[in-house]
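Note that chain A is present in both complexes that follow, paired respectively with chain B and with chain C.
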Partner chain A sequence: MSNIPPRLQLKGMTKVYPTVIANDSIDMSIAPGEIHAVLGENGAGKSTLMKAIYGVVKPDRGQIMWDGEVVTIQNPAYARKLGIGMVFQHFSLFETLTVTENIALAMDDYKEMDSLAARIKKVSEEYGLPLDPGQLVHSLSVGLRQRVEIIRCLLQQPQLLIMDEPTSVLTPQAVRKMFETLRRLAQEGCSILYISHKLDEILELCHSATIIRGGKVTGYATPADETASSLARMMIGKELPVCSREKPVMDGEECLAVNSLSKKADDQFGTDLQSINLSVNCGEIVGIAGISGNGQQELLYALSGEHYSDDKGSITIDGKPVGHLNPDQRRDLGLGFVPAERLGRGAVPGMSLSNNAILTAHRHGMVGKGLLKLDRAADFAQKCIADFAVKCGSKKDPITSLSGGNIQKYITGREILQVPKLLVVSQPTWGVDVGAANIIRQAMIDLRNDGSAILVVSEELDELFEICDRLVVIAEGWISPSVTVDETSKEAIGLWMSGMFPGGPTEDKSTTDPKKTG
Partner chain B sequence: MFFKIEARPEPSKAMKYFSPLVAALLMLFSGLIIFSLLGKDSIEAFYAFFIEPVNDLYGIGELFIKAAPLMLIGTGLAVGFRASIWNIGAEGQLAIGALFGGYIAIVFNDNSGFFILPLMIVAGAVGGLLWASIPAFLRTVFNANEILVSLMLNYVAILLLGLLVHGPLKDPDGYGFPQSVLFSDSALLPILMEGTRFHLGVLIAVVGVIVGWVLLQKSFTGYQIQVAGLAKNAASYAGFKYKKLIWIGLLSGGTAAGIAGVLEISGPIGQLLPTVSPGYGYAAIIVAFVGRLHPGGILLSSLLMALLYLGGESGQMNLDLPAAVTGVFQGLLLFYLLATDFLIDYRVCFSGFRKEAI
Partner chain C sequence: MDFDIFIKILVAAIASGTPFVYAALGELITEKSGVLNLGVEGMMLVGAICGFIGMATTGSIFVAVVCGMAAGAFMAGIFALLTLSLMANQVASGLALTIFGVGLSSFLGLNYTSVALSGVPELHIPLLSDIPVMGELLFSHDILIYCSLFLFAAVSWFLSKTKAGLVLRGIGEAPKSAHALGYNVIAIRYIAVLFGGAMAGLGGVYLCIAYTPMWVEGMVAGRGWVSLALVVFATWRPARVMIGAYLFGGITVAQFHVQGFGIEIPSQLLSMLPYISTIIVLVFISRDPTTIRLNSPASLGATYHPSQPHS
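Let's look at the complex of A and B:
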């Protein structure tokens, strides 16, 4: 291997943004046919580095060598010409166009549609990722959409494939399938840059790894020789923290009940809720697993009260029907809610931490005779900052000056400090660093130990298995029966996530094409 | 591209408050250039425009008389603007307020009593409120754009006032002129300062600003209004009633404009005319923004805007400047304010001529 030049070599790559050094002289090298992991927490600089390789951002300093020769990658078109393909974390597909049309748009040289469709069919079957070229993208599941992105890259016969957190939207089964494809590509000589913060995936798939923390390389590793905890140490600089959790109190009274809740989606591409039944008892954490876009958002809007339900008895809190109540009235009955969208929904950008406390906590003595009691709000904010280790200048700082993880800690803290009888949390640790995630999870467990009922919606199976007592799965607007965490496994839940559960939409969406009407 | 515009990593907080001042200075500077292009001596023009109108007690009284409706309407509009409810109809709401208040004055023209003036003010408030409730109703029920509805209703209101002053409300002994009878003393705002026209209405306007300050800065309703304006989804997440906030936003502007209409007819004018406002309802929009939608700022910016009105009049009289000059200054002020506000959040980077990546 020593006399073959590396496929890609980076020397001293540096990119400085006005407030942060995203990449600080990063060196890295990938051989042909190597699957190379780039491991790091959120905000470590992984994505910036990949974008520099793909020509989306210009590095301030540093050298890129391609097959031993120095190159300047000015734009993605040039990167593609070299043989670099990239699958982005967020899809860039037009929902109203077909698979073929979407792929044709990305081809630099115009292809005739019919022959392109035939090629898509051929290549996708070759790699075990079958696709129907004529299908409209909006009717595809998330897993299939990712396939479109991957096939789009494969059609260009890349020498280097960059995959940015590809598994965050996939079921465990679909992940397995994708890994097979990636291994096959590598055997054919294609190098793969695999970006992730999931340690088990890297241990399973990758030949080598570069670990980045705070924009700097903190180590190079051969995953085969490492363990999850040794990789975690390099990634976060300390041991992976674990939450402590006692046995659940299983005899709590029913706090939240959802009784055959059906609802048409407002959005054309939304998911209709199909006769959902669900209950959460006091003193337990129930998790809703599922790939995003399967009705979680619609269900959460119905639970929070941002959308009303036609039948007021379809949702009850503490036995009282609440389907007709607005979020404020439901909070009076003991609801707390942490939405996935932090800024703009869970918090008001442009307001201070202190004023953001008033948003939902105003009922706790912050308003008297119609006037605000700002000192009460400030005390509350101060307590929230202290209890949840929110890193900020002061309670008077605008909430937008905080990092995503700290905003999440603050919003979650604001809801938990009100000691809700029922707490509904969506994506509690999405994009949050490991330390903050641990604080948030522990806080939820503590609240449950104090007798509150908690409902968590998350795409991260690991997280759900760590904190939940019972799990249900949502798929295409249907909800599965519940199972206790001890009785099930990630594989079983993964299967359910594709709709195969008793009373669910039964077809396996990860391998067959869903046909929807309308 | 020769230059590009990029977001500033940390917008300056201080400049959020100073940008109106910068805008005012730029307006002044541009104004001087315009004066000299018109062949006027710019120092003399500056004096005539900005100093002479207020260099005596009478002038200062005039300044406050002009500022009163502006600060009152500006504060009322700010309530809506903070919630991103765009009431452009204050000019019409002012006209209807004047019509309602004026009707009371005409009906009770032969009577005297302390009750007439308060009744006029209440009637004016009700008139403005009713007129503003039309866009509020259409917005909350049919989701009709309140900007268009309130704007178009201005023309309706002004024509309605004109129609009635040309018809039923015309002074029968007025030799056919389109104007109402002169109001009796009971329907006129008492003068508070000898030798000026400084009347009680100025204090009423200041009270209105204080009420607006409590509402916006201190009350829970004001907080909800602000949340709705900054992040509508956060307001609905918290369960604030958005439709209620739309009503509050539009009606407070309408009420303030209606009262301002009464202050005009029972103050400097003293009767109903087909035209009762030199564009106060529009100028108040600028006043509200220059004042940062904050009642304290609006108080100051209303004085600046009043000075532009007085300066315009003085410029016409002393320098033969065209009547449009007031509008030019108002436009310049708004233009510079928008420009400086934009530059708080963004900066222009000159990158020279080079090929940009696609």
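Let's look at the complex of A and C:
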């Protein structure tokens, strides 16, 4: 059997961008039916390499061999013709079109909408990923959107499936389900290129791995023979950093209290908040777990002050009602807030790092007699850059010139340096690499040790379990009772995420009283 | 007697609304691809004078139509080159195109202000046009009006039933996604913009060879702007474009008749109506964000560069 040529072989793939070498002579080979991991930090060049294989990006040098023959993949249509399918990290879906229309756009041989819809229904059910073909994509949850992408690929019976960071938006249960699908595909002979920076997933799923750092291959490995720490060494060039977290001091006073906060969503496709009760004490980190689109957005808008609450007492900071205050007034009371959207909500894209610091930190001596003290702002920015190891040209550069992870470090650092009494953070390490994520997490833990109250909203359970003292789950706008991290497990929280908690939406639909336990 | 006048107004409203139908359906296709071309007024003017010259020189309606469409497409081509290839700002380029079109059409039309044309004959469809009321209303128009109805059917069918229409909508919605799937965003937008220009040109031709068969400087008189407003008014749906076009057409002709009835409304007030009603509709549909989200092309007016990295 060894004389079968590899499904795909890359030789000396190189892609140079004006400021960075994304791929530097990368060699790689995947056999039919193999699940092959491409492992690397953010910005290591994984996505660029995959796009080159799929014909979205033109490589500057290098050779692609398909089933033993040299091919030039000029565009995605040709890649699909060869039998390559790709599930993108940032979905390539069209929100205002239906599932069927979205899939039709990627089919080169589609003829008739109705028969395509029937095929989608059939294939999606066959793989245990059922979809309603007539639904509009923007009304789907992130997990379902990914399903659309996967089914779109499967309909073309691919020989090679590229999955770019597919699990970042899924519950543990959904991840397991997807792994089953992938294993089944591999058994049917389909090769799978699995891109990720999550080591445990690669250890569990993949047959072999190529590790990339700074655009270069730093090693090939068989995950079965490796451990998480040995893979991490190859990926980041040093030991996997671990956050140090001391036992919490659970006697702080209540800092944030949310009392039966209900709110109808502005958007038809938003989630209504259902009488939410929540409290965060000084000196502890509380995590809100949940699949995105279950009311996190609405809750965060209400907490930050971007949306007012009908009852001003439904949110209190240090016992003072704040439901009627705007974000700036709430910040005066000691609130720090880091939104999930780094650019636009967290920072003004075209403005410099230094000016972005003024936006929230102006109350710390950067304004006098109505005039800006730009040197103070510059000092603050410089300290933030140094303390949080932000990689940037200078504090005068526009913030868009930074990578996503560095922007995240900067805007989180900006809030932490102000030592807020209460810090609310959404998706603190979304799309941030291991090293940077660790800096951010450690900074939050240190802030908590100094007595601040911290509320973290995240979809990554690993992260919540690493840094939080207590956890609650949000599902369909309902919030679960809180549990300490030591008392629970990822599986239990995963179950709660689907709404199965005391008083939750799937527990007992007939009652509107969230306190009632059934 | 009054009923006869009413029918006459309706027939006139159809004729008066036809330039809007052409220009707005063209702009609808352009905007569906994600490009906002504010140069409709300019493209209509240049299309009008070129069609007029074609008609005056050869006497052929066909030549006039071809000249007008080519001129409109040429103007749109300039716009496409600026915004799609050279990445210029669409709003600024569109406004410049209108100003340029006003000047160019005046210049080209210098020697044609006193030329009279015979106009476009009405096609009386045998039998059908003899039906009382309906015959006059539906079956006794000139060929360009029938063409505009055909255009409406074609555009509706194209957008809702064909793969090409789906691709066009997809590109207006998410050009980066379309690019990732392998569609040539820039090329398809070029086609959409050129089509929009040709239709604006045709709308101009209709105006100066059929509606009022003569050339007067600046004779498009704001109809390009109304067409732009109409696309928004119709929330990017062809059927509503038709309704809006005849409604605005009706308002235009009503100006000439209300005084006859002894109603004292200043004509200036009536000519404001299309704009006022557009603003009212805009406010109305903006109250419901989902209507906008579902119908308006999400990438409208944003410059797209294929090599821009995904953020």
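Throughout what follows, the second predicted complex is superposed on the first by the 477 of 518 C-alpha atoms of A that agree within 3 Å, B and C clash if a C-alpha of one lies under 4 Å from a C-alpha of the other, contacts with A are read in each partner's own complex, and residues count from 1 in each chain.
In the analysis below, a residue touches a chain if its C-beta (ideal position, glycine included) is under 8 Å from a C-beta of that chain, and two chains touch if they have at least 3 such contacts.
Bear in mind the structure is a predicted one, so any value in this text is a computation, not a measurement.
Q: Per the contact definition in the header, classify A:G344: touching chain B only (first), chain C only (second), both, or neither.
A: In the superposition, A:G344 touches chain B alone.
Q: Which of the two partners, first being chain B and second being chain C, lies in contact with A:G55: first, second, both, or neither?
A: Touch partners of A:G55: chain B and chain C.
Q: So, A:A77: does it touch chain B (first), chain C (second), both, or neither?
A: both
Q: Could you say whether A:P18 touches chain B, chain C, both of them, or neither, answering first, second, both or neither?
A: Once the two structures are laid over each other on A, A:P18 reaches chain B alone.
Q: Once the two complexes are aligned on chain A, which partner has more residues of chain A within touching range, chain B or chain C?
A: B
Q: Check whether A:V87 is in contact with chain B, with chain C, with both or with neither, and answer first, second, both or neither.
A: Touch partners of A:V87: none, neither chain B nor chain C.
Q: Touching A:Q329, do we find chain B (first), chain C (second), both, or neither?
A: After superposition on chain A, A:Q329 lies in contact with chain B alone.
Q: Counting only touches as set out at the top, which of chain B and chain C does A:V367 meet: first, second, both, neither?
A: A:V367 sits against chain B, while chain C stays out of touch.
Q: Quick check for you: in the superposed arrangement, does A:L155 touch first (chain B), second (chain C), both or neither?
A: neither
Q: Output the chain A positions appearing in both contact lists, the one against chain B and the one against chain C.
A: Correct list for chain A: 55, 75-77, 343.
Q: Name, in rising order, each residue of chain B that touches chain A in their complex.
A: Residues 9-10, 214, 218-221, 223, 226-227, 230-231, 233-234, 236-241, 357-358 of chain B touch chain A in their complex.
Q: List the residues on chain A that touch chain C in their complex, please.
A: That would be residues 55-56, 75-77, 79-80, 88, 90-97, 101, 104-106, 110, 136, 138, 266-269, 343, 404 of chain A.
Q: In their complex, what parts of chain A are in touch with chain B?
A: Residue positions touching the partner: 17-19, 55, 58, 74-77, 304-306, 326-331, 337, 339, 341, 343-351, 355, 358-360, 362, 367, 370-372.
Q: Quick check: in the complex, which residue numbers of chain C touch chain A?
A: Residue positions touching the partner: 163, 166-167, 169-170, 173-174, 176-183, 289-290, 293-295, 298, 310-311.
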